[in-house]
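Next, two complexes with chain A in common: one pairs it with chain B, the other with chain C.
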Partner chain A sequence: MKLRERMTGESLALVGLVLLLAFLPGLATTFFVNFVMTQTLILGLAASTIVFLAKYGGMTSLAQLLMFGIAGFMFGNAALDGGARGLKLGWDPWVAVGFAILVTTLVAFVLGAIASRTTGIYFLMLTLVYGVIGYFMFAQIVEISGPGGITNIQRPELLGPPVRLYYAGLVLSVLAYAGFRVLGRTAFGLALQGVRDDPVRMASLGFNVPLHRALAFSLAGFVAGFAGLLSVWWNGQVDPASISIGPTLILLIIAVIGGLSSLEGAWLGAFVYVLVLTYLRDLPLIDRIGITEARFNTVIGVIVLAIMVLSPEGLTGIVRRLRGRTRGGDTADAAPEPVPAPGGSLPVHTTQKELGGTRP
Partner chain B sequence: MSRLKRQKALALFTSAALLVVAGCSGSGDDRAGLPADQQTSAGTRSGSTSGDGIRLGILGECEGPFGGFHEDVVAGTTLALARFAGATPSSKTSALEGFSGAEVAGTQIELVGIGCGDDTADRIVQEVRRLVEQLGANVIIGPLSGDEGIAVAEYAKANPELTVLAGISGSQEHTLQVRAPNHFRFYGDGAIWNAGLGDLLHNKERWDTVAVIADDYSFGHTSAAGFIADFCGVGGKVTHRVFPPLGTTDYSSYIAQLPNPDEVDGYFWAVGGTGTQAALEAFINGKGDLTGDQHAGNLFFNPDLAQALGTGIVGAYVGGFATLPPDVRSPEITEYLAAADATWETIPGSLSGNEPAAPSVAAAFGFFYGYYTAGVALVKALEAVGGDISDLDAFHKAIAGLTLDLPYGDIKLDENRSGIVDVGLSRLVQDGSGKVTQETVAIIPGVDQTFGGTFSPDTPSPGRDFPACEERELPWEGKAIPVTDGVPQK
Partner chain C sequence: MNAAVDSRSATSANRLASLRRPAVWVATAAAMAVAAWVLFLADGTPAGAAVDDPGTFLVTVLDSVTFAGLLFVAASGFTLIFGLMRTVNMAHGSLFLLAAYVAIRVQQAMVGRSRNIDPADVGMLDWLVPMLVGAGVAAVLGLLIQQVFLQWNEGQEMRQTLVTLAITVVLADQMLREFGGLAQRMVWPGAVTHFFSVMGERYAATRLFMLGIAVLVGVLLWLWLTRTSVGMVIRAGVDDRQMVRGLGINIRRVFALTFFVGSFLAGVGGVLGASFAGAAPGTDGNWLLNALVVVIIGGLGSLKGAAAGSLLYGTVVAFSPAYLPTQYSYYAIILTFGLLALVLVVRPHGLFGRAT
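Entry: the complex of A and B
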């Protein structure tokens, strides 16, 4: 029964959405595909790593954009063979891809291992410190960051036409989404959720709690690294400002807009963010009410505030509540079942819900 | 099906519906074009929207350290089109409202959008893509700042069907290294603007040692590079180089890295935007009062500093910029400023604190003027090709071959399509009423980007360590044209 429900409900919706996205280049304008949707997939992929860590590990990370940036800088240094910036190693682009992902994952493991003994607000602050240190490191060590960033970064020939970058984003997004979902049901994923809910009990059962957290952080860094690669191929450049505190918070905001407890919310949040960034200023008479492009961050702030007030579970949570009301006002039953992250205030699903009422 | 599953399905369908609606309602042409694309241009290319005339996008900055200049730069281009292409601004009190009616040799110039940068390359790339790929711009004027200029030049290189006339971005790299054939700069770079300043300080003011403090980004590096090449070229020594990040608010730790006033003959400042005053205040707190005879700076050193910090700064030397201080007047300059005042009633430019003021206040400053020169270049190039942009190579060749007769001096382009310009050096002085003003002291004519052979496409981009402090011959050493009471003595 459960499998049938999945096949007829969520899975079908997902397959339909992916099919729609696969055929989108034939349905929408080039700009919408290559700018709006490619950017959505890149930011969604990066934000999904925040959601993964929060949802399955109870860890809200502000270091994911740093991982994103490390991959970009490493690729730029390794792949460029001329110009005035970076190490100019001139490696084959695919070797550079492997190098960038390897370095990013290793850095994520080291940082994850250090952070693995903290939870909640302390984890959040520590990862914020990672982000700030990372920014200043790239800003100061100009040999690997430019100086002033690395420009003229070309993507591998295989991804030549812009639409292929869109498809690369789509494939990686599907893989990341499915991978995170599947992982949540593996022994490692179940143990990770156990660590999230009751680390003391898990430790007493013999689980290595810090190692589970460090491995989850590494996996998130690995995926964020791919998002970083897509970003430098899309932007053509990366500079320290790309990973400064502003964009770091934007990535968290994207995850919060979508909902920190649902993976699909990462892409939904990114879609809303890019839509607002791209089209808000084009609305008729929008400037007459004081909303200009210079007020974009204010508008995003108001949207986040409104969403947090209406639903701490983000847009996906709002959809759930609306759905609950249309089914007879039984909102209590339809409401999500958040519990506070250990030591923190951001909600995540309970282990019981993910495990169907069982415990590992 | 469980309720939760149905809800998730609904969420997915909702996002899909949003996606379709947004996608189908998008506008713009179907040309591809990403910064990382290298498209080849074989044979004669044509403007992507030829037949539609010029679809102009202006790249300004509405956020970040230079966000206060957004109105100024859009007004600069608008004034050029108002003077020479019959444009009528849509508002008498703001250039950001756009214009209509611009036409040259039968070709209409339509403003399709104004981009909003924040001084970062990421943001300006997104803005230029929005203007080109969504709104269909085929000519871009801008951007304002150094790193932005490099990013937009790279974008131009990857999109040869586009024409970019740089706004006032002062980094060296975007013309000397990137060298996109469809990218043009009708003003000098940050290094050019300091040509002759080191010569003046070393040989006239007898400075032998200097500490340099500059913003840690491409324009700060370029500005410092020009001063260092000039000062060291004539025999001076740069003892310290300090580079605080752009946007720093607390400069105390960077001031601490500078030598004390009794350890050097002077300081050169290339800290700009919102940082200039903050950095000088930190200097006063850390090193003592400012004394004008021990300080020099680039374009961000101006009389406003005296209002904020006191008249101790009087006597400081200032590198050049795109315009000249108000003591130099010519019929062309007077006519240009009068035209600005006739085009709008007021403009809320940065020099008036973004409060309404006479448009000539903004027009006299280089940010406005750089975008003005780009607008004039666009008009003159269209006139040269009879309004026909169907042959893009011919259009670009016409732009590259222009010599513009401009209010603050003629400008022509070098082989990398960067401006060869006259540089006006100045000094902060007190007038009879005690008010601090800027007075021109010398003009260095015809400075190009190679800086007397110091820089080339093969040299590194200006940075924290480049150029080295080396003595070398500079063509203008000892040959500056003195200016007395606003009149060049030659």
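Entry: the complex of A and C
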């Protein structure tokens, strides 16, 4: 009963948050909307695919930024009809969108199929290798990019004004969030969680375990592709440096800040990241203690270290724990779920619990 | 090659089953096709077919073996730490780069110049001492990381991985602050910087020196692991940690020692790498990648796998630019990916790996 109240309470809060975000352009400064919030939504959308894979599939992927980048590069190659670099196909922007998403999803399926028989740490390392090899491919193969990347990429006319890009990010984020939540309750989503918890049993029940993993990975690639498109429209360009190992780690770190076990944590993590990135230099006296904006990565790294030491479930885990403490009530109910340890070394929340309807 | 490795580690029943698997056939066919291409067909490539130009072929083989030596040093520490402690130390690349920077500083201090150091001014000690100092610093820092951040969450693989990733980001940023963004180079000792000829091709002796150091490291590591009692405990720990604990051995001390040695190896690799190709921001990521590729191919936690993985990966890295048609040599990186895919399709946990 109590659980049910909390569920509806949380859904109400989320709806309220989305409404607030929908009216935000009227309430906040243009800079905040077009810079901070748009970037938050783009990065959050990309990071949510990491959380989706970790939470439902038990796979911690470091290849999501590669998917993000592939979509951007493919759009740039297809949409540009002039300039110095790329294939210069000169297609209609919406055809280019379809092309970019299609290629990204196909690549994700192939990479997912190769990685599908590995799990845990091995999967993480392999996807990191995917990411870095992908970076080198775009940096070296001059036909599709080369080290300088592709510049002067226009967004479709529909998304001309910056605020429309914000709304596109918002709509896609809401769709992705709701889609992932709903998917968790479908037959495929439940099978995927079964695969996460006990692949051997699922295989003996007749489920094709590698296929489920590969399909989940391609779905995550599909969504990350949209984030990549938003990013290339926001930046007007795409270059290999933006998908190198540093940004790859940063995207994982965003997911970790929010908490790898909660979808909304992805956007929360992105918000914290963009806030620190944007406003760190404005903090009074911050340069006195040797932290300038050039030392931004140190700050982010220390934040992540602190979070990992305090609570492996990220900020949402801390929030949940604090809320449990202030209520002082049923600790079992308020106790944070363990992080879904894809390494398989922690006792993870079981499918039974997911089915039982505790916070998924 | 893959089928052969397969058959050695499997029982005869498994061997029959694995031979029937199409993936093994695919891998064998791919290996034979590549061999045929390199030996007889490779026209229009920078190197030319091996039968026409054996000198270039031999040089490429030397390139792959010497690079494999460097890869082995970097990957052996990584895989040693994982093998015993089940810790994926993502900061391995950072330790590698830190050792390189420190060694370069020490070398500059010893030679007394900060730029344009000529190999002739560098004596053997001006290279060995900085190497030991750099590797020592990496080893101490590695030990610190293990004691402060990893010891108390033992067994939580993903958490340890994320912690070391965060450390990587911090270290990379701090090294950028301390050592700047420009590429620096460790200078080989003058005694080994000369060329000799291999079937009419010039070849740098420094690469053989590098291989010699790597072989020495490998032999010492092997002796340590197989001939000493500590090594025996470590090997037992790789196989069955609970049993080692149960025997009343102080596994904490063994863990600390392993991390120290693994980080030291990262440092040695870093100094070799900085002498071979220089050190700059980003080198840490590249060498983490190299170590990862080697252990993914060879199998995480296996020294034999690190050796096999280094050789295979070194071969692909050396051969693909030389034996791809000239206009496609930019695409060499794809072959790295092809190797990875091929090995994983045949053996998802690497050549010598075991499912964990």
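Operating definition for what follows: the second predicted complex is superposed on the first by the 329 of 360 C-alpha atoms of A that agree within 3 Å, B and C clash if a C-alpha of one lies under 4 Å from a C-alpha of the other, contacts with A are read in each partner's own complex, and residues count from 1 in each chain.
As a working rule, a contact is a pair of C-beta atoms (placed from the backbone, for glycine too) under 8 Å apart; a residue touches a chain by one contact, two chains touch by 3 or more.
Predicted, not measured: the structure shown is a model, and the values here were computed from it.
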Clash or fit, chain B versus chain C on superposed chain A: clash
Contacts of A:Val142 with chain B and chain C, given as first, second, both or neither: both
Between chain B and chain C, more extensive residue contact with chain A: B
Touched partner set for A:Ala187, first chain B, second chain C, both or neither: neither
Partner chain(s) touched by A:Met308 [first = chain B, second = chain C, both, neither]: second
Contacts of A:Ile114 with chain B and chain C, given as first, second, both or neither: second
Touched partner set for A:Leu158, first chain B, second chain C, both or neither: neither
Touching partner for A:Ile245 - first (chain B), second (chain C), both, neither: second
Interface residues of chain A shared between complexes with chain B and chain C: 142, 294, 296-297
Touching residues (chain side chain A, partner chain B) in the complex: 5-6, 8-10, 12-14, 16-17, 20-21, 24, 27-37, 83-85, 139, 142, 147-149, 151-155, 160-163, 165, 233-237, 239, 241-242, 247, 262, 264-265, 267-268, 271, 275, 277-279, 292-294, 296-297, 315-316, 319-320, 323-324, 327, 333-334
Residues of chain A that touch chain C when the two form their complex: 60, 114-115, 117-118, 120-122, 124-126, 128-130, 132-133, 136-137, 140-142, 244-246, 249-250, 252-253, 256, 294-298, 300-302, 304-305, 308-309, 312, 339, 341-346
Complex contacts: residues of chain C adjacent to chain A: 86, 88, 149, 155-159, 161-163, 165-170, 172-174, 177, 282, 285-286, 288-289, 292-293, 295-296, 300, 330-334, 336-337, 340-341, 344-345, 348-349, 356
Chain A contact footprint on chain B (complex, rising order): 1-16, 18-20, 22-24, 26-38, 62-63, 67, 70, 116, 119-122, 125-126, 129-130, 133-134, 146-147, 150-151, 154-155, 157-158, 173, 177-178, 216-218, 221, 245, 460-461, 463-464
